[in-house]
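Labels run A, B, C and D following the written order; every chain starts at residue 1.
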């Protein structure tokens, strides 16, 4: 199977970038399934039905979220009727609407398990992400119940991300990080066959501070005073993510390579 | 001028990797000057005179440190007699031995200003890194007192790093992050000519948790109990960093590209 | 001199409590000067000219702030024309309006130095609070330029507060903490004569979560979801603070005792 | 029933203070049961069999721990054979030796449930403390399976402590905080009958920085450099805690008052 995952879409720049590049990438890379982290799709904060629609139209099969999941209040009800939208799986039982993991069927019947999990180092203490992921992987084993398994680990610290990657090794097709908004250059296949990348990077304007117009964040670091609101930078986006190809029998990864198109960052396009 | 910067050297694997690759890279890339972050050179924690010597022998001109600067007590005295070793510049006046910024002369007389600064988000609150860097840049202006300026920003959060990068834009040749031990794929030249990369990555074994043997860190995340010590992973290192070429007149960047060699990560070698 | 300091006034309950109790306490304790932390006076978040007026009317001579200083935008301009309002002294030079320390004259000419400082452990990294307080104390020495010196240290961690208390010992009349909204039972006079109390407690309804209506904060801890806004609890306030009497010659403390009146907590009233 | 709880015993000063005061307090207050937090009993860091013995000899019935539980390696095995020692209850299943909650029988057959729980704000993210406490309270209901229930919540933030207090209201005899090493002056009985105090304070020398000799902690705050080890202050301890009397039928609190004896802090002794 050929899958791609794209990191945090930030505002209109990110949505437009995805609309511009994803259709071509789907075709060129013969993608079977595409997951996009959309926690910053709506004006940089959260998601709305309208902004989600743009991402589905662009070719996303499933959208994941993160610590910004509920920044837009409508997401609380929208997620209840949109099975293709996932919030972090490790909320306490009954605390959050929607779901954090789900199995999706391809037209040809193959099944992809996708989950979104919030890490804890320097973040909100949801339930243990290691235990939560463990339960999902056990309930729907790769190569048996699922033809592919994608784990979006939304977190700050590289140590926690690398630890969770190895923890899932051999049990997921891809474990990829989101949240830092900067792509890492460590796409690799771990010892037991799981593709791994510490952060997918964002789909947004990199002439910015993590996708936001530079002036206000710099001013806050310098003065510790709020001068105004954070607004997404509006320059051309780099669409940033990772491509994997899986073994059809085991669901493990055969290839794991970065994908970047447009905007400021150097382009990266897997060979076909 | 042609310069390279390599991220946190972790333990013997990192030192051996640097010894294996740096001499060839210096020659092939015709490097005039090389800076290496060495805060994890000695068994993963801090630096000693002996491990520093290995890095100088491999071809490092200057070594920088970070939050692990003093993990080995001998560094407190060693740094006083080794001008090529820099600790974070933003300790309170008089608090730390050694220096955090220095001007280095090349054999041909050209001058390179190097500084190491500790960021604050999710870290120890040293003095304001923005103000500290500002003072250094003002005291030794690029293109006038310095032919090149390299800022090693040692920090956790991508937002603070991108903000500091833009804050220095036009006043430094290179602003590069360290500390996360994972290379980012965002090497670029900012609007006013400063080369920027959020993190240089580590020189160490990437089949690990940020350079450390996997078992203990994973166990701590899962159990929150200490099972043993952290020890550096001993597999082959990837040497990871960034290469820049500067305009000889302005000191600003003409090129900014990743460098990776050896080990698990995909290789990256600037064209000559 | 006889002085009192009251901790964070929270919303209408806190303002009403102060209006009910402070006039009587001023008289009974023959207070020469009263300082009140008012960072939560306006609906629990920040301060306005109108809520400040209530506190001045109740008998406050000076109001201090904290991390909530600017929650109400009007405070940014109000503080410029109200010399009796102090924000944290350790903002970077030029970053914040108003002032963080000031010398106030009593009708009889005696001078009281008051300062407000934001600590850093588990908080925003403003400039070094130890250095900032040191500068103020040096510029206006107790027993020489000031007849009394009051330091309001706004912070989370008891370790940082106790350390700053001892750091100021002999140079201030009173070092008292704010921010936790819970009074500590450690009022004492340190070795060199400075009165000290880790936290003054809040002026607010203690049948609450730090002054806020209980339901929403408990729900957030349990679900990690936002269910609504935080609103101040509306039950009767306990007015909580500390009373000191200073030596007229040295400005150091002769007495240091808690003051509590009204509401849920046990009353405490210094003998006269 | 008449119970007392004493906060973090720090080093020899704390142990000696408890030995000097607890026997008299047990007699004078006719205490049926005494719980002592002992996470800093051994040289300020953790507990050993020998230091625990001193506390049992002084009159403690049960010892609780906290984030310093395992600072002394022998605690890992000692706790397995000492049922009167409790570590935080919210470690992941199977991760830690010993137990976090237990039911203790008085000579007359009455049963006391004691538990120790680690909070999460500004601390290590163990399992959800609200859910963990909830499970214990449900498994052993007050007034039915237990004649008294004591919850030692080991945490930093007053908000989380007050929220947990209210969360347990009506289901525990006493919810009392530890960890900050400073007693709070908010002993009260909540609306449904649970006695509450944000922090019991420490049993240790208050002429210190949270029980430690002052010089090193102050120097670390000022310089951000390590100058030496932390060692417990050796002056006379104040023994600090809380006394409650429960209704023999419901197990809820009839009285809740501070207890302090010795050392620097003002004494507090419940009337008999």
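Here is the rule we use: contacts are C-beta pairs under 8 Å (C-beta built on N, C-alpha and C of every residue); 3 or more make two chains touch, one makes a residue touch a chain.
The chain lineup, named per UniProt: A, B, C, D = YmdB family metallophosphoesterase.
Bear in mind the structure is a predicted one, so any value in this text is a computation, not a measurement.
K.L.:
Comparing B-C against B-D, which pair counts more contacting C-beta pairs?
P.N.:
It is B-D, judged by the count of C-beta pairs in contact.
K.L.:
From the C-alpha centre of chain A to that of chain B, how far is it in Å?
P.N.:
29
K.L.:
Measure off the straight-line distance from the CA centroid of chain B to the CA centroid of chain C, and report it in whole Å.
P.N.:
Each chain reduced to its C-alpha mean, chain B and chain C end up 43 Å apart.
K.L.:
By the touch rule stated above, which residues of chain D touch at least two different other chains?
P.N.:
92, 125, 128, 131, 222
K.L.:
Classify the chain contact graph as line, ring, star, complete or other.
P.N.:
complete
K.L.:
Give the list of chain A residues in touch with chain B in this complex.
P.N.:
Residues of chain A touching chain B: 122, 128, 130-131, 156-160, 162-164, 166-167, 180-188, 190-191, 198-199, 201, 206-210, 214, 217-218, 221-222, 240, 258, 260, 264-266, 268.
K.L.:
In the complex formed with chain B, which residues of chain C make contact?
P.N.:
Touch residues, chain C against chain B: 92, 120, 125, 127-128, 131.
K.L.:
Touching residues of chain D toward chain B in the complex: what are they?
P.N.:
Checking each residue of chain D against chain B gives 70, 91-92, 95-96, 124-126, 222-226.
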